[in-house]
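Quick one: the structure is below, questions incoming.
When the chains are written out, they are named A, B, C and D in that same order, and each has its own residue count from 1.
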Amino acid sequence: MQSAKRLLPVLAMGMMLLFACQPSGAAEPIRIGVAGPFTGSDASFGEQFWRGAEQAATDLNAAGGVLGRPIQLIKADDACEPKQASAVASRLVDRDKVVAVAGHFCSSTTMTASTTYADAGVLMITPGSTNPQITERQLPTLFRMCGRDDQQGVVGADFVVKKLKATHVAVLHDKTTYGQGLADAMKTRLHSLGQTEVLYEGLTRGEKDFNALVTKLKSIQADAVYFGGYHSEAGPLVRQMREQGMTAPLVSGDGIFSEVLVVSAGGPGFLKGVYMTFGADPRKIATGKALVERFRQNGYEPEGYTLYSYATIQTIAAAIQATQSQEGEKLAQWLHGHPVETVMGPKAWDAKGDLQVSDYVMYQWDDKGKYQEVE
Amino acid sequence: MTPLLTVHDLTMRFGGVTALQAVAFTVQQASITALIGPNGAGKTTVFNCVTGFYKATTGTICLHDPQTGTGDIDLLEMLGESFRLSDFWRPRTLSRRLFFKLFGGPHRVNRAGVARTFQNIRLFDELTVMENLLVAQQAQVHGGLLAGLLQTAHFRRKEQEAVVRATEWLRFFDLLGEANRLAGTLPYGYQRRLEMARALCTRPRLLCLDEPAAGLNPNETQALSQLILALRDRFGLTVLLIEHDMGLVMDISDHLVVLDHGEVIAQGKPAAIQQDARVLAAYLGTGEP
Amino acid sequence: MDITIFGQQCVNGLVLGSTYGLIAVGYTMVYGIIGMINFAHGEIYMISAYLTAIFLALFTTVGIHSLPVVLLGVLVLTMLFTALYGWSVERIAYRPLRHSNRLAPLISAIGISLILQNYIRISQGARNQGVPPVLEGVFRLPPDSLDHRFVQITYLQSLIVVVALVSMAILTWIIQHTALGRACRATQQDRIMANLLGVNTDRIISTVFVMGAAMAAVAGFLVTLNYGSFDFYIGFLMGIKAFTAAVLGGIGSLPGAMLGGVVLGLAESFFAGFVNSDYKDVFAFSLLILFLIFRPSGFLGVPEVEKV
Amino acid sequence: MMGTDWRAAFRVGGVALLLFTPLTGLVLAGYQLEWHWQRPLWLAGGFGLGYGLLRLVWRRWLSGAHAFGQRAAAGSTTDPARHRPLWIGLALGVALLLPFFLDKYGINVATLALIYILLGLGLNIVVGLAGLLDLGFVAFYAVGAYTYAFGYHYFGLSFWLALPLGGLLAACFGMMLGFPVLRLHGDYLAIVTLGFGEIIRLILNNWVSLTGGPNGVSVVFPTFFGLEFNRRAKQGGVPLHEFLGIDYSANQRAVFLYLLLLAVVLVMVYVVVRLKRMPIGRAWEALRENEIACRSLGINHVTVKLSAFGLGALVGGMGGVFFAASQGFVNPTSFTFFESAHILAIVVLGGMGSTTGVVVAALLLTVVPEMLRDFADYRVLFVGVAMVLMMIWRPRGLRQRRRPVFQVEPSPQPAFVNPVKKRLRGPGGGHPPQWGFGGKAPNNPPNNRSDP
């Protein structure tokens, strides 16, 4: 009993010491929000986001951090719902006091959340939202690490018309902000090339059976199919096309840029004749190779947006380092004027916050489940 | 003697089954009429037709106004009859039919002055006894939405009147002490009385009781017969009832209608019915092979 | 219009409808016996898709390659484990709420479906999963058409239709002709009375959940093999569609569920194929609403007689 | 006793092991498997142990709770209603002062909670009072939100006009849907409403030329009598902060919206509380209890149901307008079936028909998931677990609906009204007879609400 009484103050002292020590032990970290769909139907893209950002933070911290302070990432889940996005955005700004945000993923959530960040003057770089409208609003602190759908659509349409020599092009989309934006860009470009699409329709996200649509494609004798959407629908779609004996090429955008497409199509055998647009493969750029190896050692294939979000964190860190500032407006000003060397090569932005150089190229899948650039 | 209700040539078919075949009878003003008959004779079907829950296949059900002697109300029309070709050059009939098609139903029959109770008691269990009675006065109180929200004087007066009327009926049925209990928690006998009180709160001219004595003990049945008589004698109510308790029926009825296999086999004064050979046969079987 | 296109859309609809029907059985049985909508049923189907892939991979890892053995083994294992999930859902979300108001189990079932979805997302990852192609091959009519003018059905698709019909027949036979089925029907008619007559109604209700889950497992197995891929989110949409099918067919009726499924599948296929796939789902739901207004009891359901 | 507990725990652990082994122990990686044999063991052990402990604690608590319950019951006879004004006042004070102590995130969450309170109140009329199971309430919410969005986008409609208009339009939609389908009962109605909710969402998503499809529509923030909440006003307008001569802060607009919403919610709470004591509210509840009896009492079930449906939709529509205003952007992903389920969960969790319950449940279901944000990955899982546990713990919801009490004794003897005098001129007319069915009724005091 006596000993217990004596122990108590000692214990309390110890606890207080522990708490007191914690902040002074390391420099105040620089907080960066990572916002994306970590739950819900698009969680697979959120996973790519997080992996990339996490790796970037680890690497930067290992190299001594930014301004001598470590980077701390805050994970913010928006489940790809606009409502949650605006809640999460104000939480990042007000509670977590982040310096910058890497995110969001879905174009609709980026639209909602960006006003909050712009209001608070927080730098926001989206690694994956490609809908043109986002930067058309000219928010001063908003940047993109990826291209725009209209750029992608141009590359896609040119490819379909000039390389594939298709004359009956069917344009499909998945009725999401992203997919439909892409399909619209494709359609516009097709028209300016003097072609009219033979079909323009949407399919339902989350479904797996597109046989009826495929039969319809067959009946109108489409000789190329353009699909704006994600791999979870593109996979079954191309499989069912092949199963019904349709050999027409399927062309799509960055949403299917993932080896998961092999799994979602149910085998690599169905992927012959599938094309997609994406930035020049970051895994091939010299600076990225070592990083890719590191990812693979940890048992993770860095695809899709993984390296984009890595580059986003790098960019944010570079801007902070260069300006010695944590004010979003200053960071943004600097980014508008200076190129940044990232894992995906040098990147520079125009006045709207779009990348100055669109580096979309066409990739082709083979029946082994691999893809490479089309010459 | 003035008739209050005339049922004429009432036929009801469910699919291929004829439940009622040309049933006809009259209920006199301020009388007690009993519908009797063996199980499955079609008594409840007649009830459901009269109170508007079933739409009779053919026939007429007419409610007379004893005060004026005119202005008979066709209860069947209120349920929404199907359109006929001839309606289309008679806009008046057409619009009437359309109106009842859209807004008709048993509730219209009730508003015309016919109230009923149910064989298996149907109270609003989660509402208090008082609320049960207030719901029954809905059609009369029915203040505007705004009046209720702002609690205007008019609205409060109307509510108070409804409460007072409910209170009187509760007193009549000796339920005053239970006013704020949930109806579902009342003992069985109380529930029967509450259901009658609720029906009476709609201010009916014809009260239809479906086996009011079912499940009551002899004492309670005795008291019930006194109550029904009092309704007739003191308030001039007309009562139509279905009952299996022959003692009760013979004691209080002025007029009996005997149904068997969907047809009226006899009607008349209780004493006459007791002697009727066909009624005896229906109840006891003919005994002949 | 080309007759082969029409024929092909019929096949598409039939196949899709058969899967709807298999899942709809679970809804219709549970509804029939306890009068409640089992909102977690779609997730049970999703679980079965994962189990199928896992067991398929397991068999390959263990080194069993004989196709019939693998398929049968995977099917049986999937049905067993999915049934266990169905049983657990009943124990957790329904039995404790047996005597409360009607909506409480609805909410707990929605809770369960959130749990199952996220449990799978956390344990198996959010990415798309799949199975390698098995049983490839196709029947074509005419068999040697060169110009794409043919009607075809793959082996797997025909398997879906056949298995759906057979399992429906077995289930109907169980309900109609066995002691278990009799107990089910008795429980459906009057639970209290069945209980008084010595039927263990709790067990019957459990059994119904188990049977429904097993049928969902059959669907999950076939659909997974046929489409090759799935993710943790497939249960939601499939659940709503199958539920629609159950209502169309007359909720509470087993053959009705199958019929409703096929009708819905055909309607969707024809609408998507000949009208517009954008509005396919709008059409399906409008069909549902119109049907409910004009014939609430569905194709084969018994019309509810209003007892006064 | 202990023995059975641990046997049960063992059984639960065994079942859990079976359940978890294939799905957590074997993880798919492409077409291969990864083995995590320790995961199911931990999980099953945890479940078994947890269940056993829970049972033990439960038994302890239950035996103690008996005495506790009696004490509580004895205490409650001192009339719980006495402290009610105090509580309401306190809650009101907190609600009013809240925005001045919170940051913008806090206010946003509070605003969202208020929107859900509003939606909960609306659905409570339909489900809790009228007993019509509506699984597509989100449709009316969407109608409200899009009314404001379209109104602003196409006609330059202001928030102040959109608010009543959105409500009325939603009510019209409710009536339009209601008229044909309200003759259906119970679950069929639920299914039709579910279908309707989905149809509205799908049309909003597909009709791109009108609705912008998935791209959605931007919405302008409401003004305060023409004064804007921006740092710099558009085209000659005057921003509020300049007008008042105070510094600009991004919080101002959030606070403004919060207070406005609070006012609307308070009005709605009053309306709902009043409705329950009005003829129409009683008719709703009667209809929920027994539709046939209602019809036999002269109540037109279709119009009564329609009124409930319409009023519920009206409130839902207003919630939608506020939602659009607070988000600044609407697109169809905000109006999925899950949203309907969420609102329904609020109503059921709150205790059907209870206004206080709805308010508490809406707060719980909005604030708790936000607090769980730190658990990012497990957040929705926890929400699901909470829903199931809450239902098991309190299947009838947090609060039971309180019934109004009527004073009937002493009755105003002289002011006696003949119950039937309006239509009948019978003989009698004096006091009704005092005799009842044999046996004297237990003479409960009139304000004794109910005993079980």
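Just so we're on the same page, a residue touches a chain if its C-beta (ideal position, glycine included) is under 8 Å from a C-beta of that chain, and two chains touch if they have at least 3 such contacts.
Predicted model, so just to flag it, every value in this text is computed and none were measured.
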Chain pair, B-D or C-D, that carries the greater number of C-beta contacts: B-D
Chain whose Cα centroid lies at the greatest distance from that of chain C: B
Centre-to-centre distance between chain D and chain B (centres being mean Cα positions), rounded to whole Å: 39
Gap in Å, rounded to a whole number, between the CA centres of chain B and chain A: 71
Cα-centroid distance, chain C relative to chain D, in whole angstrom: 32
Computed distance of Cα centres, chain C from chain A, in Å: 35
Interface hub residues of chain C, defined as touching at least two other chains: 118, 125, 129-132, 236, 278, 281, 306, 308
Contacts with 2+ other chains: residues of chain A: 39, 175, 202, 263
Junction residues of chain D - those touching two or more other chains: 31, 206, 292, 377, 380
Parts of chain D lying in touch with chain A, wherever the complex brings them together: 30-31, 103-106, 108-109, 112, 205-206, 208, 213-216, 250, 323, 326-331, 333-334, 370, 373, 376-377, 379-380
Residue numbers on chain A that touch chain D, as the complex places them: 38-39, 75-77, 79-83, 86-88, 90-91, 93-95, 107-108, 111-112, 115, 119-120, 131, 133, 175-177, 179-181, 202, 263
Chain A - residues contacting chain C, complex: 39-41, 43-44, 46-47, 175, 201-204, 206-209, 211-213, 215-216, 218-219, 231-232, 235-236, 239, 243-246, 260, 263-267, 269
Chain D partner contacts - residues on chain B that touch it in the complex: 30, 51-53, 103, 105-108, 110-111, 113, 115-116, 118, 122-128, 130-132, 134-136, 138-139, 141-143, 145, 148-149, 151, 161, 163-165, 167-182, 185, 189-190, 193, 198-203, 205, 216-217, 219-220, 222-224, 226-227, 230, 233-237
Complex interface listing, chain D residues touching chain C: 15, 18-19, 22-24, 26-28, 31-33, 39, 127, 133, 180-181, 184-185, 187-188, 190-192, 194-196, 198-199, 202-203, 206, 292, 337, 341, 344-345, 348-349, 352, 377-378, 380-381, 383-388, 391-392, 395-396
